Every structure is written in structure tokens, then in C-alpha cells.
Amino acid sequence: MKRKKPSNIKAKQSIPATERQTAKDDSEMTALALQRGDLSPAMQAYFAKCQEKLGFVPNVLSAYAFDNAKLEAFVAMYNDLMLAPSGLSKLEREMIAVAVSSVNRCYYCLVAHGAAVRALSGDPALGELMVMNYRAARLSKRQRAMLDFATKLTAEPWSIEESDREALRKVGFSEREIWDIAAVAGFYNMSNRVASATDMRPNSVYHGQAR
Amino acid sequence: MKRKKPSNIKAKQSIPATERQTAKDDSEMTALALQRGDLSPAMQAYFAKCQEKLGFVPNVLSAYAFDNAKLEAFVAMYNDLMLAPSGLSKLEREMIAVAVSSVNRCYYCLVAHGAAVRALSGDPALGELMVMNYRAARLSKRQRAMLDFATKLTAEPWSIEESDREALRKVGFSEREIWDIAAVAGFYNMSNRVASATDMRPNSVYHGQAR
Amino acid sequence: MKRKKPSNIKAKQSIPATERQTAKDDSEMTALALQRGDLSPAMQAYFAKCQEKLGFVPNVLSAYAFDNAKLEAFVAMYNDLMLAPSGLSKLEREMIAVAVSSVNRCYYCLVAHGAAVRALSGDPALGELMVMNYRAARLSKRQRAMLDFATKLTAEPWSIEESDREALRKVGFSEREIWDIAAVAGFYNMSNRVASATDMRPNSVYHGQAR
Amino acid sequence: MKRKKPSNIKAKQSIPATERQTAKDDSEMTALALQRGDLSPAMQAYFAKCQEKLGFVPNVLSAYAFDNAKLEAFVAMYNDLMLAPSGLSKLEREMIAVAVSSVNRCYYCLVAHGAAVRALSGDPALGELMVMNYRAARLSKRQRAMLDFATKLTAEPWSIEESDREALRKVGFSEREIWDIAAVAGFYNMSNRVASATDMRPNSVYHGQAR
Amino acid sequence: MKRKKPSNIKAKQSIPATERQTAKDDSEMTALALQRGDLSPAMQAYFAKCQEKLGFVPNVLSAYAFDNAKLEAFVAMYNDLMLAPSGLSKLEREMIAVAVSSVNRCYYCLVAHGAAVRALSGDPALGELMVMNYRAARLSKRQRAMLDFATKLTAEPWSIEESDREALRKVGFSEREIWDIAAVAGFYNMSNRVASATDMRPNSVYHGQAR
Amino acid sequence: MKRKKPSNIKAKQSIPATERQTAKDDSEMTALALQRGDLSPAMQAYFAKCQEKLGFVPNVLSAYAFDNAKLEAFVAMYNDLMLAPSGLSKLEREMIAVAVSSVNRCYYCLVAHGAAVRALSGDPALGELMVMNYRAARLSKRQRAMLDFATKLTAEPWSIEESDREALRKVGFSEREIWDIAAVAGFYNMSNRVASATDMRPNSVYHGQAR
């Protein structure tokens, strides 16, 4: 689908750069005054790889970099959950990330993982739907059940019962995939809170990606 | 601020056009099977003007077009609230529209008015912030008070009291401007519900505007 | 059914008129200091007709009268929604108005439209039920479904989906009537918020009507 | 203040008596099929006194009458809380009853105690305000603090702390009066639930009292 | 089931007795400064019986003892509800007490009645489950339905309808037993609020009972 | 403080072992049928150390043991957060764990970390208070502010702002300690959800520890 940019929408470019919402997001990444710690060679290499592959180091990593042990633990868990083999596709894991972050209204995660959904799906509107209201998306039964579980687990975890797990099994998820849905949803419930607690700012580059 | 599109974010363009989230949004605008009614000359002219100025007719107008009287009433109120002279700038009125729609998680209004905030401000991130969590935006005290009032009025209207109005007066809003904040917030509480009740779909062109 | 007024309920008439809750409701209609604007001949005639037919001008109209354009837009939309031909009876539209206003706990709308339900139905208790808890009313399946939709749309608009529309179709509502339910519910979600934002006071006469 | 009944509000008396909302409220008092038990002489005398003084036996008493011990315990607690000497006036205790019942949306208690507020105050609108939204009432600081405490205690009892008690002391309530506010609020949190659980119907006569 | 106390869990007994959470719970029972009133012989005997049978007088009784009439009314209702013959076992009534108190997060009632569930069931974990999340307990369908009703009645009493009563009848509860479930749930909704309003402290002895 | 076990509390030991709530908790640790995977030597050593030091392997570890990579990531993050040097004491970190788990009503975490609070503090009631309602505990200003932040971050993460961080700084928390509060609260928001999603059962031994 090609989107014509209608020539007659004129952005009123009246906001000086210094007042833009992203003015300091790439330099002042959180509201906490924490100095970067000494990174292990592994983490130095990881940052270099981010720079090379993405063109930037995601601010969440920079935020954790005040303490190498914390950074390594976060990276290990993130990489396992989001990148390791799973019955859930990478896109599905990112969809969970955004739908959970929408319940929690986490600015950092919605921007960063919204971009990932756009990029992985090639469908910009899918990213917007995950941010705004996943119920309005045109999803397969499988993906709808997956997000229903992840968002219920986010909003009222005490109410999850066997019937909720059965609903996942019924659309074909295996025991291991149910774990993975829970673990990814859980992980973003953690990350959303670390980000909100620290006013973590997303790298400004995310906003324009894969639009 | 120029955003370099990092060359190494590769959108996996694997989703066929027919499965895109916006596949039918420009033709099947709501979930209700309602036939377009006869439009008055004034409304015909209004639609023509939309087409000329925007390049499209917003789907909300097409949705109301099954009944000319309803369409005219909606257009009259919309134009007065959003375009007539007010102590609130057009951008501020759109910011209220999006912050209210975020509380109500209304897909149509978040997409359409999120685009308006991006276009009017020239700051794409400001639109995202209104959609995701206005509390994370870097706002003036005036605009923050305005959105605090509008979103409290949305979420728990029964709890608005004199102290809430006083908070607006303290940052400089006049009696008339307080009305306007309330009226715009009220209007989107209406529109959000009409849109959500009918699964109204935003024109696909909005997604890419002013990014 | 005739209700005997039991002679032994003695109202302790100990509250002086100046302290009554309605003492100023007919003169100080909102908490905003806004001067009446110049009304168009059409609006002047409308106010005269209210005075003649109802014996008073509803305070909501007086509240909007600081600006003729806003008043006209409000009146046009109100009259279309509440009085124009529809598959919903006028009583049903008023029932929606009150049930929605109950969710939002809007004093103005509960008083004014509660009176309308009492008057249109000839059943005072029906008005009270809409104000207090519509679930306790003895309703037809059609009217129950109508109010379930309207109040869910009010309380959590993001959760309305095709199954909710199907529930309306199943009890016989047409596509156009579904629109009307949504539009009336939407309208009172707007009016409730304008009224709550401005502390709008209902005309004192409503309290005793159709008891 | 005299309210003229405007002659032009014509109740459309189109609802046959058998369909009125109160059709069976005086004979089928709850949704539970429980037979009246044997009442003690004391309870028989109490019912006779209700009949004589009020003209009817409140349905809540008839509902409890399936078991004399339960009835006696309820009556003893009710009479102590609502009628025994207290620093709270009887009107204030009824105001708490209605404001609490409004949070819980209890049809029985709102009807029965709303009538009591109207009768005791001689101000019909005060009863409506307690039912609809006590925050819109023109209350003394003392009564406002009293209802703020009672409704917070109802909605989120876990969040009451010393600062809440201090707010009561600051407007002049004694330790004993704080207990009484809590005890009356607590009692209606119980009664609201017994009434809602059993679909308890208010005597139809309440609707027209003290209007 | 015998639980071995693992020798290697070493409680760090570093908190001096004066700072323990229960330091004053047995002497300063509420946050209100109320003097004990004159107790009737019946109440004196009741307190003596508590001392003899339990080894202590429950603090809730001491809290009510500032006024003999209030104490007697409370005791009469409590004894009828919790100890009189009923189709609900005493354990079931205590399970309702704790599940309701968990919704309301009432420290006093959770401690005192959590101990009762442990003692009556002989299953310490059952008490913990009622306190923490009854949905995680392994319950019979009957007891699960009973607690679902009681907690829904607690959290959103306005939403209880015939279908909720039917769910109880379907698992075998009689009309009278439905009343008892409602009455016990209602009673703890009252007690929870009196306790929370007054910061009522549970007797310290409860903590270690029946572990 | 010594607690006398009152001899007259007789646990009715009528529940056969096979029906106890903990009957299978030590063997069927979650509702998901996942086979234990091959553990790395490091993880084998870690399990052995748990067995030696605690007398058992916490079920959360056994639950993660279907996949060594996930187990290692979890253990690394857990050990860093809960055991590594921090300005927060180990007891404070456990208090956060339980207060967060109370908001989320997570049975596994409340049992396991409630035991840890009891053991580390030597004050059984402190564990109960964290489980039931931390607001009822007698806490220092520092610990109260810490738990207010952690529970607000849990319940409504979107509402955390600079003023919340300032409240922590005002009672003496450093930037690093604010991070640690956020990270521990975040971690249990993750763990609570993995546990609830999988019906994770706590080892039965926890119930009796440090009472």
C-alpha cells in the first residue's frame, strides 16, 4: 500500500528545536542523576553492535549502564525473551510488548516497541493499533487470544485462572508458548515500571522509523 | 530537527496488502450498514472543500452522512469548537482532543487528531505524547493544567469541583476559556463513544502525516 | 396506581429558604461568570417557546447563551437526537440519558432528564431506577440490552466490540437504531461533562415534576 | 420555597398498572423465597408501631422477618445507630446513609433513606443531591468532611489513615462522633449488600414522600 | 502433614520488642480515644467467657465497649451470623469473612478471621489463601461459588442480579443459605469499615495461632 | 516477645492430608506441563546450594528449570536485585516485594516473600502487614515513602512524576536507591505475573517459617 503524502497538510514548523519534545531525549535519558559505570568487555561489545546495527544505543541500555551487573542481567533476560527461538514470532513478542505497555501507558516502551512492530510487520497501522487499542485491530484468533491473555495478566493478574490458559491452548498455543506469553508480558510489566519510575526517554530516532 | 532514517531498520514487507490493518479502512468506515443519505448543498460543498483542502473526506463525516440533519449538527458543533476564535489555540484544542481520546482509548480519534497535533505543532513527538501519556510531555504550566482538567473531567467527571476551576484560573485561563476546555473535552467524550460504538476506522492517510 | 401520602410523614420544615439547596439554582446557573450574549431571532424564539411550553427555560440553554453560535449548535444537535423521528421512543432516549448520567453522576442531567423519564412514562419509580441503578428495573429485554450497551459505552468505551453490537441486533435493533443509541449515549457523555465542569444547576422546578 | 407544578408537564399515563416498576414491590419484597417466621412479641409490637406511625412496615423489616433472631439483631443495631442520642443529628445520619448507598448504587436504601433526608430536612433537593452526587450539594464544612470520610471509607476502606480522622477532628467532630460516622457508614455498607444480594424492593410509598 | 522447620532459616532477631509491629496492639486497640463504658452483666459475663475460652477478649469487643448498647447489638448480630445454626458451616462463614476482608484489605479482620480459618480447617494454607487470593485455593464448586458471590457483592454490589443467585442455587444453596452468604458478606463489609476507620489492631496472639 | 499458644484454640484436624491446600504444591509446581531441561553446572550447583542452605529449592526456580537460559537470566537478575549491595537493606527489598505482590494479589510471592520478611525482621506481624495492608504498619517515614512509591508504581505506573521521586529524595534516598526501589518493584511486577499466569505454587514449608 502506498500512502500519498497529501501536499496540503502543512506542518506549522513554528516550534524551535530547543523546545521540541525530543530536545534532550538523546542526552538526558532519565530523571535520575546516575553516572555511567565501567562496562565489561561483553557489554562494550554489545553497545558497539547496537551502534553498528541500529545506528544508536537504545536509551534503556544507557540507563542501565550505571551498573554493569544490572545491565548484563537485563540484557541477558531481554535477549532470551525477545530474540531466542520461541513458538512466538518476534513480531508477536513485540505486539505483546506494546499491548502491555499500552495498559501501563509507558511512553518509553510504546515508542521503542511501537517502532519495532511497525518495522517487523511492515504495517505502520499495526503499531498504532497496539499502542492505541489492540481490540480495534484485525487480528487472527490466535493473536487476539494472545493479547487478551497478556493484557488481562497486566491489568488484573489475580484473576488469571485455568480457563484463561485453556483459551490459549484452544487456539493452538503449547505449554511452552503459554510460558513465553506470560514471560514477555511479565517482562514489560517490569520494564514499564522501571521506565516510568525514572522518566526514561526514548531515543528520538524511533519516532520516524518504519512509518 | 532532522531525523536520519537509519538505513539498517529494514521493514519486513511480508504482509500482503489485503491483510494490512488499513486494507478496508477507506471503504468500510464503520461496522454499521448504513446507506449514504441525500446531502444538502451546504454539506456537499463541505465535502468538496475537504477533498480539495485535505485530499480526502474524513471518515467521521462519511459516517454521519447517512442522515443530513445529523451531519449538519455534528459539523456545526465541530467547526465552532475546533476552528472558531477562542483563547485556546487550535493546537491546544487538538491536544485536548487527543489526551481525552487517550483516556477513552479511541482508535479513530487518536489517529485523526494525533495527526493534527503533529501537523499543527510541527513536532511529531508531541502527537505521540498526547496519545501515549501526556504526563510525560514537557508542557508549560498552562497546558499541563489544561490537560489535567480535561482528563480528570473525562475519567471522573463527578469529582470536578471549584478547586479544579481555580487551578485553571491560576494559570491564566478566563471564564470563557474554562468553558472552551470543558466543551472540547466534552465533545471528544461524545465523539470517542460514537466512534467506538461503531468501530469507526480512520482514513489510512492519517498514519503517515507529519511524521 | 395511586399512592396515598401517609399523613404521618412530617417534613421538618426547619430549613430557611435562603439555605435550601435550590436557593440560587434558578439565578446562578453555573460557576462560570459569563455574560449572556446577543441571541439570534431563532434562539430568542426558541427560548420564548420553552417559556411558553415548559414554563421556564432549561438552565443548560441559559448556560450556553453566552455565545449564540454555541447555543445554536447545541440546540440543533439536542433537538435532532432527542426529538426527531427515530426507532427509539422519546422515553427510551431519555432512559439512555439518565442511565448514562448515572454512570457519570451528573447532578444537572439526572435531575432534568430524571423528570423527563417520570413525565414520559407516567411511572415515577422508573425515573428513580434510571438514576439509581437501572439493573434493578423491570425492563424488557430490548430496553435492558439498550441500557447495557449505553452504560458500557460510557464506562469503558474501548471495550465495545462486534459482540456488543450483535447483542443489540439480537433483540431487534436496526443498524440505524444502534447508531441512535450510540449517539444519544455519546451526547450525554458530552453534556454530563460540560455540566460537571461548570457546576451547572438544574432549574428547581424539575424536582417536583411528575412525582 | 413553593414550587409551582407547571401545568404543561403532562405525564403520559400510558403504562398500565401491572407494568409499573412498583407493581409488586409491596408484596414480593425480595428475590428469595423465604417464609415469614414466628415473631417475638417485641417484634410484633415493633411492626405494629411501624404500621401506626409510618403507615407501613418497611420492606427491609419484612425481609428479615423469616427469622426472628436476625430481625431482632438488625432492629437493635439500626435503632441504636440511627435513633439513639449522638453528636450527629438524625438528618446527618440519614445523609451518610444515602451518600454511602449512592457509592454502592443500592436501589432499596437510596429510595428509603432518600425519602428520610427529604422529610427530615424539608428540602427535597437535598435528598436528590445525596442520591446523585453529594459533591454538588451546598454543605457546611462539617457535613462535607463527614460525607468525604464516609464515602472514602466506603469506596476504599484500606486507604483511611490518621490524616482522614484528623480532617474530621479539625471541623469539630469528637472521638465518639468519628465512631458514629464510621458505624453508620459501615452499617449501610452492610445493608446495601444484603439488599442488593436479595433484590430487595422499597415500599412504593417512599417514592412520593416529602417531594 | 508435618512441616519440618528448616534449621537454616535464621530470624534476625534484631528488632527490639518496643518497635515490634504488635508492641501496643493489645493495649491501644484503636486510634480513637474512647473510655470504656459501664457494661451490663450480660456483657461482663461475655467478656469473662471470652477470657476463659480464648484466653483473651478480642479487641473488636473492647473497641465497642465504650457504649454498652452498641456492644450488645454488635455481639447479638455477630453471634447469630457466625455461630447460630445455618446451612453454612462455621468454617464456610469464616472463609467468607476473610475473602471479603481481603477485598477490603482490612488488617484487623484478616488477622482475626484468618486465624479462625486456620483453626477451624486445620489447614494453615487455607487461611493464607483466603487472605491472599481465594481464586488460587483448591475449593469445591460449592465453596468457590459461595466466595465468588461474596466477593462480587463486596466489590460491585450494584451488579448482583438473578443470574448470580442462580449460580448459587445451581451448586445446591437454598434460599436461606443465599441469605446467609449475603448477610455474612454484608456484616464483614460493615466490620471492615469500622475497623479501618478506627485503625483497629488485632490481638497479637492471633498471629501465631494454628500455624 | 513470646507468644503463648492459647491451649484452647483447637484446630479441628478434620481435613485429610490429600485434601490439604498444599497437598501437591511441592510436586506440581505450576499448571503448565513443562519438563525439566538440562541444567548447566552453575545452575546445578545453585540448586544444590539452595537445598543445603534452605532445605529446599524454591518452586520458582524449579518452574524456570525447563529452560536453562531462562533460569540463568532469572537467577542473575534476582540475585543482583535482592542480594547485591544496595542502600536498601535486604529486609527493605523484601518489604517492597511483598507490598507489590499484595497489590497484585500473587499467592506465590506473598507466601514466599512474606516468609522472608518475617525471617529477616524477626517480627511475624510485619510480614502479615506487608501482605494485608502496608498502610496499617508502624513504619519509619523512609520506609513508608519507599512503599508508597513502590505500590503507586505498581497500581498506576503512568502517574509517577518528578514529585514522586522528590518525595523519596526528601526522606533521604539517593538517586541509586530510587533506581533500586523501582527495579525491585518492577521485578515483582514481572514475577507476580509469571506466577499468576502459571498458577505457581509456593513450597509448603514457607507457611510455617518464622511465625
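Letters A, B, C, D, E and F name the chains as they come in the text, with residue numbers starting at 1 for each one.
By our rule, a residue touches a chain if its C-beta (ideal position, glycine included) is under 8 Å from a C-beta of that chain, and two chains touch if they have at least 3 such contacts.
Quick caveat, the model's predicted, so the values are computed rather than measured.
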| item | value |
| --- | --- |
| Over-half contact-pair match to A-B, picked out of the listed pairs D-F, E-F or A-C | E-F |
| Geometric centre distance via CA averages, chain C-chain B, whole Å | 26 |
| Chain C and chain E: spacing of chain centres that average the CA atoms, whole Å | 44 |
| Centre-of-Cα separation between chain D and chain A, whole angstrom | 51 |
| Sequence positions of chain F contacting 2 or more other chains | 105-106, 133, 158, 161, 199 |
| Full enumeration of touching chain pairs | A-B, A-C, A-E, A-F, B-C, B-D, B-F, C-D, C-E, D-E, D-F, E-F |
| Residues of chain C that touch chain D when the two form their complex | 1, 3-15, 17, 19-23, 25, 53-56, 102, 105-107, 110-111, 115, 118-126, 128-129, 131-133, 136-138, 199, 204-205, 207-211 |
| Touch list for chain C against partner chain E, complex | 133, 135 |
| Partner chain F, residues of chain A touching it in the complex | 31-34, 66, 69-70, 72-74, 76-77, 80, 84, 104-106, 149, 153-154, 157-158, 160-162, 165, 175-176, 178-179, 181-183, 185-187, 189-194, 196-199 |
| Sites on chain C touched by chain A in the complex | 158-159, 161 |
